[in-house]
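Labels run A, B, C and D following the written order; every chain starts at residue 1.
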Amino acid sequence: MAQGEPTYKLAGRGSKPQDTVIDVKGHTVGGNELFVIAGPCAVESEAQLFEITKAVKSTGVSFLRGGAFKPRTSPYSFQGLKEEGLHLLQQAAQTYDLGIVTEVMDLSLLDTVYPYTDILQIGSRNMKNYHFLKALGKTDKPILLKRGMDATVEEWLLAAEYILNGGNEQVILCERGIRSFDTTLRNTLDLASVALVKELSHLPVIVDPSQATGKRSVVSAMSKAAVAAGADGLMIEVHNEPEDALSDGPQSLRIPQFVKLMEDLESLSKVSGKSLPNSEMQMVDLG
Amino acid sequence: MAQGEPTYKLAGRGSKPQDTVIDVKGHTVGGNELFVIAGPCAVESEAQLFEITKAVKSTGVSFLRGGAFKPRTSPYSFQGLKEEGLHLLQQAAQTYDLGIVTEVMDLSLLDTVYPYTDILQIGSRNMKNYHFLKALGKTDKPILLKRGMDATVEEWLLAAEYILNGGNEQVILCERGIRSFDTTLRNTLDLASVALVKELSHLPVIVDPSQATGKRSVVSAMSKAAVAAGADGLMIEVHNEPEDALSDGPQSLRIPQFVKLMEDLESLSKVSGKSLPNSEMQMVDLG
Amino acid sequence: MAQGEPTYKLAGRGSKPQDTVIDVKGHTVGGNELFVIAGPCAVESEAQLFEITKAVKSTGVSFLRGGAFKPRTSPYSFQGLKEEGLHLLQQAAQTYDLGIVTEVMDLSLLDTVYPYTDILQIGSRNMKNYHFLKALGKTDKPILLKRGMDATVEEWLLAAEYILNGGNEQVILCERGIRSFDTTLRNTLDLASVALVKELSHLPVIVDPSQATGKRSVVSAMSKAAVAAGADGLMIEVHNEPEDALSDGPQSLRIPQFVKLMEDLESLSKVSGKSLPNSEMQMVDLG
Amino acid sequence: MAQGEPTYKLAGRGSKPQDTVIDVKGHTVGGNELFVIAGPCAVESEAQLFEITKAVKSTGVSFLRGGAFKPRTSPYSFQGLKEEGLHLLQQAAQTYDLGIVTEVMDLSLLDTVYPYTDILQIGSRNMKNYHFLKALGKTDKPILLKRGMDATVEEWLLAAEYILNGGNEQVILCERGIRSFDTTLRNTLDLASVALVKELSHLPVIVDPSQATGKRSVVSAMSKAAVAAGADGLMIEVHNEPEDALSDGPQSLRIPQFVKLMEDLESLSKVSGKSLPNSEMQMVDLG
């Protein structure tokens, strides 16, 4: 970069001091709403997806997540239901009136995924795929930009800069853990980066404690910690039968655990100056 | 380890399912009290120490911290006031009725430090000094065991095991950040380890967000996140004039910032099932 | 993966004990030849490229490298000459009778890059872009698969497995450094992974000490270490005027340094059981 | 550090441009000799130690290694034979006319270990124990300073600076791997740090590929790579029956593997401008 110029011309607070608030499907990210995305890691079947969607809808969740095209370390692992998965996501989301977040695994799949989703997710493995980022900067839907597991905060914000520079100002950052020497958990959730990014940038930041930790028993504690750290929202994996999940079962909350977590977040988010959408009504429903 | 034997014979929940609660100087660590230790990184002078101690006392702080012997990366950096520092700590703590936590940098300094402190701190750099750990297992004061910046959770708990195995059951674990590839902040605060350790072990765990991040502006957010994650307490660096601090000024909270944080923790800790000691009275005093 | 099945069905020694030797443009990778790729980080101009190509040709180099589409951390950095860069690479390679290695930054650029290059390079940032890997498995040119800077050896071999599983058996692995807490150098060159991969897999492995270290003064030592560790080749950045390079100048060898390195490799590779192609003649030319 | 002052007043090339060559027991470290230390991880018994010592003596080894006090992650693992181990080391070294390197695990053990050893080893876990380093700066024997597994190159050189600043100029640095996210091998051997340290400092640097990798099958390749990278020597674990070793058996070379490695190093070190001591004679003996 040229000497003296700001590193983040568009993503930085320098160019836009006030928080960016993104409106999407009747919800907001980056404002007073605690924006919670929940659902299974991967769409596996109609029965699985509808049971989970029904359950998460009963709490203060705004959006449904679910992978249709799955990036997997081994070519011999389940690769997702692909277009059938997108169809199922659409049906479940319409039935329960939720928005959809799903990943675009490659630029060549953008046209396929675009019509089905409200937010285009860029996975951790693609955060440094700059050609892809430029192309997404030309789209008109909000982008959920996951942090690369090997990305510094600077590289993460510069990835957002690529999208903003293309013309799309609706970028939601998502911290999902980085790689460290301690492999007891899947990754190391870096919550200090949330506070740092809120200081450097006006963009909203949410946290994915499921991918970050890979371990169900710590997901609720990390969700609460994320909210206390100032995150604008959460992305949480929930499964009706995690033992039989086709991908990432060990990190998915069981439905009752998730319901309990949302109750806890109701109290906690008030202390943090956020609130769950329609939460009063929702909490009555849960009773 | 022999096949089939538990890794943590003494530190694990297997041998002792219920939480260990440590009584020290009229306070408890590991129970319902949010145990907050605050003070300067290093004891620098009587004026500095007394001003900081007076300020932290006015909030719900239980213990005073302050380094007298300082481990520094360069031999040419300030190495601490040594025994004079210990004397000053004692005077300040007595004047304001606080307990003392200070580091024993080497086994050869144990006899010097022991009479002055209520809790013996083992620094991050010594967490794998097993000969030292064995010797501390023979002492009768609580041990604050900081996690090594290169230590896995397993290695950290096994370090505690060394102390417990020597006969001292009063071990307080302290997460203080680990090293990762992202050096934007000083270290990477690993809050998921707090939740994990609470699951694996009955020992109390506190968090040091100052050492972990090295950056004042994120310390308050990380303190709140730590409490929401289930930490039993906090260890926070506070300075009256951080710009002139002889060590670690950039990570020390200013006094008004610290007072504000303690007010926030008052609300937050209630949600988390903890409370600050005498907090009602303290908060009145602050008004 | 199913219990009992090998992790690497195709990339592992289990399915193919003998070394894979890849023939490309009159050279071999994985056999007795020390396969050296050299050239600038990025193609910048005809004059720059031809001067460098002429110089590297005079040593025992087999292939010319040069980036036409450049993945850059900031959108405001030089992004490469794109198709003009590919044209120049082709001209320089034809003039000096060398093969070409250049990166395909995105699947959507494959058709553009394919006709110009003899080996299709997958950059570090794309190693986990599985949709892309599958597509490259359907091509008929050798693939240079750089290790992701956050990839374990297992993930790297499984990325190769994706390509092999698509039908393309010509995969050349390239170690280029991983991220660690020590950022003194650009990355941490992991030479033990070379020895490990040679044990686990039959695929050839080369090393890129320029990207790995980011520092000219250690590139020659690391090139020699790579050969002694058993690498099948090297990929080295060379520049005629590194101070004026548009990308990665600090890690590019000056031409005289590169000539000296090739002389040293001539002796060293004999000890290691490899040899530079036509090296006797070449060395005479240098005299 | 004060602005403008060199970071490494004593360890840097600025204060002493020429290489430091340390004379110890008829050998030199840092000059033309390839200084090889070999022996078991831990002294286990007279029979074990003598068999290994006899074998390593028959090659070009200069010094015998062997742990008497062992730092172990678990308090329930073998902790070394302690003083009995020191006695055995002394007997074996005298019988086969070798020097001794063994670790001082704590300052309180210095007086115990000092009389037995020719070189005082500081283990990786103690590299940041600054009080200990200061004390060793007051001794008159060469210090083998292992790099901390979480230490940057700067911190490693500043640890040496502590010793030099105390008055002891005989510091031998030893790279032994750092922690990274890839835990396939025990640590990540950072050979680029060897080249970097040789550039920044006049102190000799050796490499321990056994501790660095934890895996016998890659130790020989990494030993050769270290020599090609410019290391002044090696520290290698050898065992007569590694399957039955009480500590670190999987990383110990079998005796025939070690003999073969020393033959390979004979050729390689000539190319690198070093030679094994009395190697001609030794090699004849091996025939």
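The working rule: a residue touches a chain if its C-beta (ideal position, glycine included) is under 8 Å from a C-beta of that chain, and two chains touch if they have at least 3 such contacts.
Since this is a predicted model, take the numbers as computed values, not measurements.
Quick check: more C-beta contact pairs at B-D or at B-C?
Higher contact count goes to B-D.
Where the centre means the average of the CA atoms, what chain is farthest from subunit B?
C
Could you please state the distance in Å, as a whole number, between where the Cα atoms of subunit B are centred and where those of subunit C are centred?
The computed centroid separation for subunit B versus subunit C comes out at 48 Å.
Return the distance between the CA-based centres of subunit B and subunit D, expressed in whole Å.
35
Where in subunit D do residues touch two or more of the other chains?
Residues 150, 154, 179-181, 183 of subunit D touch two or more partner chains.
Of all residues in subunit C, which touch subunit A in the complex?
For subunit C paired with subunit A, touching residues are 1-2, 5, 7, 9, 69, 71-77, 105-109, 125-126, 128-132, 134-135, 148-150, 154-155, 158, 161-162, 165, 179, 181.
Please name which positions on subunit B make contact with subunit A in the complex.
The contact residues of subunit B facing subunit A are 150-154, 178-185, 188-196, 199, 209, 212-213, 215, 217-218, 221-222, 224-230, 264, 267-268, 271-272.
Any idea which subunit B residues touch subunit C in the complex?
179-181, 183
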